[in-house]
Amino acid sequence: MRLLSDSIGRKVVMAITGLLMVLFVVGHLLGNLSIFAGADGINTYAAKLQALPLLVWATRIVMGAAVLFHLVISIQITLENNQANPTAYAVDRRLRATFAGKNMIWTGLLLGGFILFHLFHFTVRSVPGLEIVQVHDALGRADVFAMVSAAFGKLVTAAVYVIAMLMLYLHLSHGIQSTFQSLGLNNSKTMPGFAKFGGVLSVIFLLGYGAIPVAIFFGLLAK
Amino acid sequence: MSAHATEHGTMNIKLIVWRQPARDKPGRFETYEAKNITPHHSFLEMLDVVNEDLIKAGKDPIAFDHDCREGICGMCSAVVNGVPHGGQERTTLCQLHMRKFKDGDAIYLEPWRARAFPILRDLIVDRTALDKLIQVAGFVSCHTGGVPDGNAILVGKPEADYAMDAAACIGCGACVAACPNGAAMLFAGAKVAQLAELPQGQVEAPQRVAAMVKAMADQGFGNCSNHYECEAACPKGIEVKFIARLNREFTKALCQEKIGAISTTTAASGD
Amino acid sequence: MILDGKAPTGKIQDSWDKHRFDSLKLVNPANKRKYKILVVGTGLAGGSAAATLAELGYQVEAFCYQDSPRRAHSIAAQGGINAAKAYPNDGDSIYRLFYDTIKGGDFRAREADVWRLSQVSNNIIDQCVAQGVPFARDYAGYLDNRSFGGAQVSRTFYARGQTGQQLLLGAYSALSRQIGLGTVKMFARTEMLDLVVVDGEAKGITVRDLVTGEIRTHVGDAVVLATGGYMNVFYLSTNAMGCSATAIWKAHKKGAYLANPCYTQIHPTCIPQAGDYQSKLTLMSESLRNDGRIWVPKKKEDCGKLPSEIPEADRDYYLERKYPSYGNLAPRDIASRAAKEQCDEGRGVGPGGRGVYLDFSDSIARLGESTIRERYGNLFEMYERITDENAYQRPMRIYPAPHYAMGGLWVDYNLQSNIPGLFVLGEANFSVHGANRLGASALMQGLADGYFVIPYTIANYLAQTKPGKVKSDHPECTRSIAEVKAERDRFLSVNGKRTVTEFTREVGVLMWNNVGMARTKQSLTEALQKLPAIREEFWKNVKVSGSGDELNQQLENAGRTADFIEFAELLARDALHREESCGGHFRVEHQYPDGEAMRDDANFSYAAAWEFKGTGQAQELHKEPLKFENIHLAVRSYK
């Protein structure tokens, strides 16, 4: 039996890497929400995080690996599935499959692209035309609040992030409940619960992450 | 409330049917008229009517698989307007009745479509691939004779009921036909779950799931992406919880194998 | 000629054990692989036989006309399987099962065969449990039993309403295991169209590949037919559309005797016919009679009313009235005939007045709807899908329908026909059910024959024959292929005006009306006059389009219908010759004043085995006298 080539083995890998990324998304969101506590909130959070390079780098490596496995396997599986079902029916009618479920590969690839963009945008700060100038606050900490506010003040940037969060919502509305099925945790009793959990969590992500660029763009976030 | 043909009018239905003379020959849709159909005609009886007309007109009748016509043999198989067996809950095509349609309806009729099910003629496909899955591991390797008394190993009622729920699969292949990925996970899951739940089948459970998963790939079935179209199309109400069970059995066996507790390469897996 | 069934003599309790040791030779393990056995049909009997023989070491080739061995019509059996386990402690025993089966068969079966069946019935349950068949269990984990028609004990094991399916899938899994191991070569979508007999022994079959149209011969050292029953001769029956007499009829034409074809079982609980277009009748498990009460209105004028409008006092629970001790659980032949009587009197309900009510309201009141739903939910659902009526709220309508063939190819105690090397199992043979089969006994017979009888008896034949005697280029094979091709070409060349189905229906309606539930000398004579005319018209006016070299369902049906037309004559002739009423054969001339079947043991206590003498010629009758040494012949009473 092989984890990385058997159909269900890869499914398990998809579920576990997916779950890891969801955990990261949860942590990232909790951190980001500190922006609603004003400049001091998010700048403190950023400074504390920077003081833990081991954690930061461990997370980066694990997430990098998770994204890589998740991406490679999903492309592989999609190609295989297209081969296994090469002809469409004349009437395209699905009873249960959702738009989100059917488009996992596309929302996933877009999210992959977005992650790259996001890293270059805020971490490397080298996206041409959207360069972010490093500034510091009164306490000498990186003034994340100012940088984020400057970035999301631009319509393009805010729009890109909001769209990406919609992709995240779609991806996870199928993905989270799917994880439980793939890991074999579903039965007829737990299944509706997991489905609801996945739905609620992905809405929280959408609202939580989405609120930041929206609030900033519309000037709702006071300094 | 009831239900005699005289109380209803008859109807005419437009059928758009996939016609393909043989395997690997090109096919296309042809349009036919089903006339004077009563609500009490079963779907296949409606096709019988069309075929009788075609034969009399000197044309080739529509070839379709069918046998018991009471929803249990699993032979009948056609996709009606994009849905295997026509989409009435827990109903095979042979048990679908024309009262579900109305006068003037247009119905697209296609064979199961999946790489693992080559079309043999018109609506008839080759489902040998499902048999192959059972042949590698869909059994308990007991000999005829020399088994203990039926009551020697007790089986709790919940376990027996769960196994029966899984065992109700008729092997029609609608799950594969409905799956956007042409996967056979519901079929395999039901068999793996049935046998893994019963004490008689537990001994071979790891080898069974290993062989079954490998065979699915060998036979050209796709992977599962949890759309649950299979469950929606299944005429016997087989639930996707059995796919979860399949995943669980696989993961369990994989872990056991990786720590060296068991081996899954045996005669049963065909290796 | 007087036929010898070669049944062992002596104490019946020891007969099978003694026979196995004294009379049956063995083939040693190293030699088994030199013998090839051809098994036709993959239902309970064929599937279990192929699996078991392959496991023993023989080379096996198995054939079925369906696309998979899992689809044989055994799968449709709903209610259960009998065994003499006596788990409920209610007085059952092997002897009682033996007795019930002989009596239920109206004393027209061979005692020793029935004893053996009863004896091995217990092994079947053990075997199926070991295979992972999910039989119903009680909360303590023990196997559950239910009661069934024709028995006063609860000996029926069941898996919801899908017992046949689960047992077949058990046999199919065993067969699949052997296919996977390479010991069985499976030929699905392949129909047997001839038996190859060389020097008086069965050595092969000629088949048509239903996908490519190829006609070829397979040779072996023995041939096992497990091809089911012939009830589609009535056109509308509970059988699958593909069930046919073709395999046994072709064997019959090659010399195998066909026994007791007039013993046909009409099942009492089927959904009534709704219209002429109908292609089959659907059975509702007999187990429904455990909790349903059968009635018709007492007054003809009430027949058109809604059942709820007919007060209790105006309902005639005729089975309870006529058979107080068995009531609604009277055997099938009796229950069917009683339903026909009520309808003939004009008290039937539903379309054409051909139906009686099966009412669950008392049981629902007593046990609650949820209990009834748990027991029969799938049947109620099926009923609603077909009739659009909710049987929890209004009684089901049921009517008898052709269901099971007790007659079949004649076999001796070893299940070997009069052609050495030709073995016949399950419904295709005539052996254990006499003139009527009890509910839940067909599954028992199929698996008994396949798992526990044929492995012993076929060895006895093979031990006395050299392996590989006939090769596929033998002149008999060539001749057989030529014959099959000639018949195929004849179907295709007629190019008449009537479709195959029209002929099938014509024969079926004639058989149902004249040779169905009640037969008279006149109706039978009339059928025998009309059938040759239908046969002649068929060959002049049938229309089969397409070619023989492709998947051609019309061609398949044409072959089956042609054989049914010929077979129907034999069925009618057998019914005409048997001047008595017994079990599923009811001659109106032979009945007691109260309408019960009147047997004539002095003159008809024999199995009638017919020898083919040419198409359109009268068959020659051979008799196998039946001796009853353990059970006294008695009038069968269920009052």
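Here the chain labels run A, B and C in written order, and each chain numbers its own residues starting at 1.
Just so we're on the same page, a contact is a pair of C-beta atoms (placed from the backbone, for glycine too) under 8 Å apart; a residue touches a chain by one contact, two chains touch by 3 or more.
Note that the structure is a prediction, hence the values are computed from the model and not measured.
Asker: When you draw the chains as points and link the ones that touch, which shape shows up: line, ring, star, complete, or other?
Answerer: Topology of the interface graph: linear, an open chain of contacts.
Asker: Return the chain pair with more inter-chain C-beta contacts, choosing between B-C and A-B.
Answerer: Answer by contact count: B-C.
Asker: For which chain is the distance between its Cα centroid and the global protein Cα centroid smallest?
Answerer: Chain nearest the overall C-alpha centroid, as shown: B.
Asker: Determine the centre-to-centre distance between subunit A and subunit C, using the mean Cα coordinates as centres, and give it in whole Å.
Answerer: Computed from C-alpha means, the inter-chain centre distance equals 63 Å.
Asker: Just give me the whole-number Å value for how far the CA centre of subunit B lies from that of subunit C.
Answerer: Here subunit B and subunit C have centroids separated by 27 Å.
Asker: Subunit A to subunit B: how many Å between their CA centres?
Answerer: Roughly 37 Å, centre to centre.
Asker: State the interface residues of subunit A toward subunit B in the complex, per the touch definition above.
Answerer: Subunit A residues touching subunit B: 1, 3, 6-12, 77, 80-81, 83-98, 101-102, 104, 174, 177-178, 180-188, 191.
Asker: Using the touch rule from the top, collect the residues of subunit B that touch subunit A in their complex.
Answerer: Listed in rising order, the residues are 16, 18, 29, 79, 81-83, 87, 108, 110, 113-116, 178-183, 210, 213-214, 216-217, 220-229, 231-233, 239-241, 243-251, 253-254, 257, 264.
Asker: Looking at the complex, which residues from subunit C come into contact with subunit B?
Answerer: My answer: residues 48, 51-52, 55, 66-73, 75-76, 85, 87, 123, 125-143, 157, 159-160, 162, 165-166, 169, 172-174, 176-177, 179-181, 186, 188, 211, 238, 240-242, 274-275, 277-280, 282-283, 350-351, 381-382, 385-390, 451-452, 455, 497, 499, 501-502, 543, 545-546, 550-551, 553-554.
Asker: Write out the stretch or stretches of subunit B touching subunit C in their complex.
Answerer: Subunit B residues touching subunit C: 1-5, 21-23, 38-42, 44-45, 48-49, 52, 55-56, 58-61, 63, 65-75, 88, 90-91, 95-97, 99, 120-121, 124, 126-128, 130-131, 134-136, 138-145, 147-151, 153-157, 160-161, 163-164, 167-168, 170-171, 194-195, 198, 200-201, 267, 270.
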